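Common to both upcoming complexes is chain A, partnered first by chain B, then by chain C.
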Partner chain A sequence: MENKIPTFLLSNNPLLPKARAGTSSSFIDKGIRHIAGFYETIFFQWELSRKDGLFQRLNARTKVLFLVFYIFVVSVKKDVSSEILIAVFLLPLIVMSRVGIFAFYWKVFIAGFFFGVLAGLPAAFNIFLPGEPIYIILELQRAHDFWIYHIPQTIGITREGILVVSMLTARVANSVTITLLVICTTPFAELVKALKAFRVPEYFLMIITLSYKYAFIFLKMMRDMHTAKKARLIGNADAAGWIAGRIACIFNKTQHRCDELYKAMSGRGFTGDVKLAKLEHVKAVDIIAGAGLLTLWMFILIV
Partner chain B sequence: METVLALKGAAYKYYDKITALDGVSLSIMQGQRFTVIGANGSGKSSLLQVLAGLIFPQTGDVLFKGVAFTEKSFRDKEFLRQFRTTVGYVFQDSDVQLFCPTIYDELVFGPLQMGMDEEEASVRAIEVMRMLNIEALRDRPSYMLSGGEKKKAAIGSILTMNPGVILLDEPTSGLDPRTQAFLVELLFALNDSGKTIVVSTHDLALVEELQGETCVLTESHTVERVAGADDILADEEMLLRVNLIHEHIHRHKDSKGIISHVHRHAHGD
Partner chain C sequence: MHIPDGYLGPQTYIPIFAVTAAFWTAAMRKLKKTLSVKEIPYLAMASVFSFLLMMFNIPIPGGTTGHAVGAAFVALLLGPWTAVIAISVVLIVQALVFGDGGVTAIGANCFNMAIVMPFVSYLVFKLIVGHSQKVSRLSAAAFISGYTGLLASALATALELGIQPIIAAAPDGTPLYCPYPLSITVPAMAVEHLFLLSIVEGMVTMLLLRYFHKHDPKLIYAIKEA
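Our next item is the complex of A and B:
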C-alpha cells in the first residue's frame, strides 16, 4: 500500500494551488440558508400542529370546511367594518390554538402589506380610480386625455381609493389569517386526507404527498452537496457553472429515485389505483365545533 | 420443504448493457434463512429485486412455487395479489420505501392495496408498530425520523402485509449496534414463525449470526458457491477470491522485536 501512495500525499507541506477566479457564491449561500429556513418552518409547523390547542383538537375536515366558508364570507363582505369584525372574531381562536401570536401576525402583516397595500396602492390615486382627493400630490396645469385614460389636473390620494386599498388589505389579511391558522394547526398528512373527503381523486393526493416528501429529500441533497463543496473549496469557484452541474446531477438522481419508488410501490401491491387510509371518524366535538363555526359564519354573513 | 423462489440461469443487464446477474441459479426453500453475499456491485440487490418480481431477467427463469413468472404474469390480478402478499421486499434505502404522508399510512398502504378492510389494516398497523417500538412515531412523516427508525418503519410496512417470504437488501447497513441487534432478533423471531428470510449483505458477521444457506456472488455477477454459512465462512480462499475478505501485512511487537505477518480480514472489520 505504501508504495502506491502518490508523493504529494507523503508531503506534510502541501503546495496550495492558486485561488481560482470566479463569481461570488454568496447567492448560493443565501439560497441554502433559505432552504434551512424552510426546514425549520416545516418542523416548527409540525410541532405546532401537535400542541393541545382548540384548532389542533378538531378534525381536519371540519377545519377545511371552516377555511372554505370563511374565505367565502371574507370575499363577499363589502365593508371594512365587517372585515374588522371577522379579524376580531379570529383573534381568540388563534389565542386558544396556542399559536405564537406575534410570529403569526408578523406573517399576516407581511402578506397584507405586499398583496394588499402594495398591490392595491395604485387604486388609491385618482389616476386609476376617480374620487375626491384628500391628499394632493401634484397639480398639473390642465387635465390630460388620451385613448381611454384621463389624467386629472389635481393628482392625489382619494377617499374612495383609500377605502378600496383598506378593503383589499383587510380581505388579504383575513384570508391569510384563516389559512395560516388551519395550516399551522393541521399536519400536512391530515390536510391531504381531508381533501379526500371532498372527493379529490386519491391518485392526485398521492402525487401531492410524494411531491412534498421528495421536495424535502432533494432539498436535503442540495444542502449536503453545497456543504460538501464548501468543505473542499478555497476561495470562490464558478458558482453559475456549479449550479448548472448540480441541477443536472439532481435531475439524474430524481429519475433514478423515480424508478426505485415505482418498484417500492409495486412491491406493496400498487397497480395504478391508489387506496389511501381515511381520516379518523368525525367525533361529537367536531360536530359541535362545526355547528358553532357555521352559526358564527351565518351571523357574520347576515350582519 | 417446498421451493418458494428459484432462479434458473437468470441473467440481467441494466439498460441492456451493464451486467448485474449472469447465469444465476439458486433455490430458496420455504421457512429457510437464506443469505446472499458478495462484494459491492456484485449484483446482490439486483438478485433480490428479480426474486421480488420488481425487475425481470432477460434470459433464464425466475420461479415462484415452481412456476416461472414474467412481467406479463403480474397482469393477472390473482397472481399479483398472491405474489405480493407472499413476497415482501425491504429496500436498502428506506427513503425509497417510505412514500406515504405518515408512518401509520406507510403501514396500512400495502394491506389497503391488497383490498383489505381498513379496520383490519389499522389493527395490523398498530400491532406491528407496537412490536417494532415505533408507536410514538405513528403520525410522523418519514423525513423526521432517524436512520434506525426509518428502517423499522420500512420493515413494518412489509410486515403488515404478512408475507411468507421477506427479502431484505443490506438491512443492517448504516444502523447502530443496538438497532442491528434488534433487527437480527426480529429476523430470527420471524423465521421461527415459519417465514422465509432472504438477506443480502457483505457483512460476514451477519452471515455468521444468521447461520443460513448462503449464496456467494462473484464480482463477475455469477454464483461462486451455495452452502451453509459455516462452510462458506471457512472457505477463506473463496472469500478472498470474491473480495469479501482481504489480506494485508500487520506488524506486531513480540518478545524478540518487531515481526511482520499476513492477516486476512473481513471487509468492514
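Our next item is the complex of A and C:
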C-alpha cells in the first residue's frame, strides 16, 4: 500500500547535523534516545499492568513479598539445577500473567547475556579463575608471573569456569525474571503504596513519588531542548559548552518548578504531614496466592 | 557501577543493606529537623536531576559505557544527608522501574553512590576550601570533590565485588557469586574511573558550582556552612 507521507519527510534533511565518520551518533543523541526509551518502558509496563492476568489481580503487597522472598531464594541457591527448577516454576506464572512471553523472555535473555555470559566469560578461562582446562586455546612456552598476576603455560576454558559462568547467568536471568514479572504487572504507584506496608517512611515514599512524576517533565524538557538545538544549529557547534549550559539551565528550571510545586502543594493544604492513600484490603485471592507462593518458596528453599 | 542481582552473596548484601538503612534513618531524622516543608519538592527535584545525568552514558574505550552520578554536586548544594536521600531515591526507582541494578543490590548500590560518594565529596570540598571564597579555589575544590567522590564510590563497588570469592566460595574453592578477585575488580574499576568517568563527574560538579556561585551563592550548602 502506498504511504501518504510527504517526500520531504522521507528524504534526509541536509540541515541536520551529520554523525562523524565511523560513529553512528553522539552520546547526547544516544542519551536522548535513552530518554525516549524511558517513556516506552513506562508505557509498556502500564499497558501490561492493566491486562487481566494472574499477577495483575494480586494485591501489590503480595507481589512485593513474592519479589523479596523469591529473589532471596535465587541468591542463596548454589547449583545450576536449583536455578533451572526455579525458572521452570516461574514459567507458568509468566504465562498466566499474560505479559507477552516472547518479549518478556527477550528482555531476560538480554540481561542474562550481558550481565551473566559476557560479564562472566573471562572467568571461564584459567587466567582469571584457576582450574584444569578442558578446552585448550593457547599453549605458551612457559608460565608468566607479573606482580600478583599469574599467566599459566596452558590457557584454556576450565570446567570450574563454565560452572561459574552458568551459575552467574542462571542467577541473573532468574532475578531479572522475578523483578520483571512484578514491575510489569504492578503500576508504580501501587508498588510505592505497597512499600508503606513494610514500614518504609511515608516521607521517603512521597519523595520517590514526586521524583518519579517529575522525571517525566524534566525528560521532556531535556528532549525539547535537544530538538530545538538540532533544528537551529548545523554541525556539532561547541557541544561541551552547550551541555554545560543545559545542565545549569535544567537545575535552574528545577528550582523554579520546585517553587511552583510548593505553592501548589501548600495551596491544597500541605503542611508537611505526609499521608499516602490507604492500602487496598487483602482479598481472598491474595491469601490463596500468597499461601501458594509461600509453600512453593519453602519447597524451593529446602530442595 | 550499578551492581546487578547475582553478583553479591547474602553475606554481603544483607549487612550492607542494614548499614544503608541506618544511614537512611539518620538522614530522614536529620532532614525532618533541618529541611523546611518548602524544600521537600526540592529534594525530589535533586533526585530527578541526578536521574537525568545518569541517562547520558559516555562511551568508554573497550565497549562499555559510564555516566556521571551528580551525587557530589547534590552533596555540595543541599548537604550530604540530603544527597543520601536524593540519590537513594534515584537508585531505588531505577532498580524498581528499569531493572538498572539488582533488587538484592539496592543496599550496596545506595551505599556506594548515595552514601560513600556524597560524604567523600563533601569532606574533600570542605578540606580544600576551608574558609576561602575565591572562585578559583572553589572551582578546584569542586572538581576534586567530584573526582574523588566517584573514585571512592567505584573503589567501594570493586571491594564489594572483589571480596566475593573470599567470603562466598564452594568447598572446592569455586566462587559462588562474583568470580573476580580484588586483583581484578580494583584495577578494572579504577582505570576507567581514574582516567575518564571521575573527570566527567569533577567537571559537572565544578561547572554547576561555578554557575550557582555566580548567580545564587546563598543556595550552596557547603559554602553556607563555611
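FYI, the second predicted complex is superposed on the first by the 245 of 303 C-alpha atoms of A that agree within 3 Å, B and C clash if a C-alpha of one lies under 4 Å from a C-alpha of the other, contacts with A are read in each partner's own complex, and residues count from 1 in each chain.
Going forward, contacts are C-beta pairs under 8 Å (C-beta built on N, C-alpha and C of every residue); 3 or more make two chains touch, one makes a residue touch a chain.
Values in this document were obtained by computation on a predicted structure and should not be read as measured data.
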Return first, second, both or neither, reflecting whether A:F270 touches chain B, chain C, both chains, or no partner chain. both
Which partner chains sit in contact with A:F188 here, chain B, chain C, both or neither? Use first/second/both/neither. both
Applying the document's definition of touch, where does A:R257 land relative to chain B and chain C: first, second, both, or neither? both
Touching A:L90, do we find chain B (first), chain C (second), both, or neither? neither
Chain B versus chain C as contact partner of A:V176, first or second or both or neither: second
Tell me which touches more residues of chain A here: chain C or chain B. C
Answer with first, second, both or neither: which of chain B and chain C does A:L210 touch in the superposed model? both
Answer with first, second, both or neither: which of chain B and chain C does A:I300 touch in the superposed model? neither
Would you sort A:V117 into first (chain B), second (chain C), both or neither based on which partner it touches? neither
In the superposed view, which residues of chain A touch chain B and also chain C? 188, 210, 257, 261, 265-266, 270-271
Chain A partner, complex, touching residues on chain B are 49, 52-55, 77, 80-81, 84-85, 88-89, 91, 93, 95-97, 99-102, 104-105, 108-110, 112-114, 118, 121-122, 139, 141-144, 157-158, 161, 248
What part of chain A is in contact with chain B in the complex they form? 1, 43, 46, 50, 187-189, 192-193, 209-210, 213, 216-217, 220, 257, 260-261, 263-271, 274-278
Would you tell me which residues of chain A are touching chain C in their complex? 27-28, 30-31, 34-35, 38, 41-42, 45, 67-68, 71-72, 74-76, 78, 111, 115-116, 120, 122-123, 128-130, 148-149, 160-161, 163-165, 167-168, 171-172, 175-176, 179-180, 183, 188, 191, 201, 203-204, 206-208, 210-212, 214-215, 218-219, 222, 244, 247-248, 250-252, 254-255, 257-258, 261-262, 265-266, 270-272
Show me the residue ranges of chain C that touch chain A in the complex, using the header's touch definition. 4-7, 9-10, 13, 24, 28, 32, 37-38, 40-49, 51-53, 55-59, 65, 85-86, 89-90, 92-93, 95-99, 102-104, 170, 172-177, 179-180, 183-184, 204, 207-208, 211-212, 215
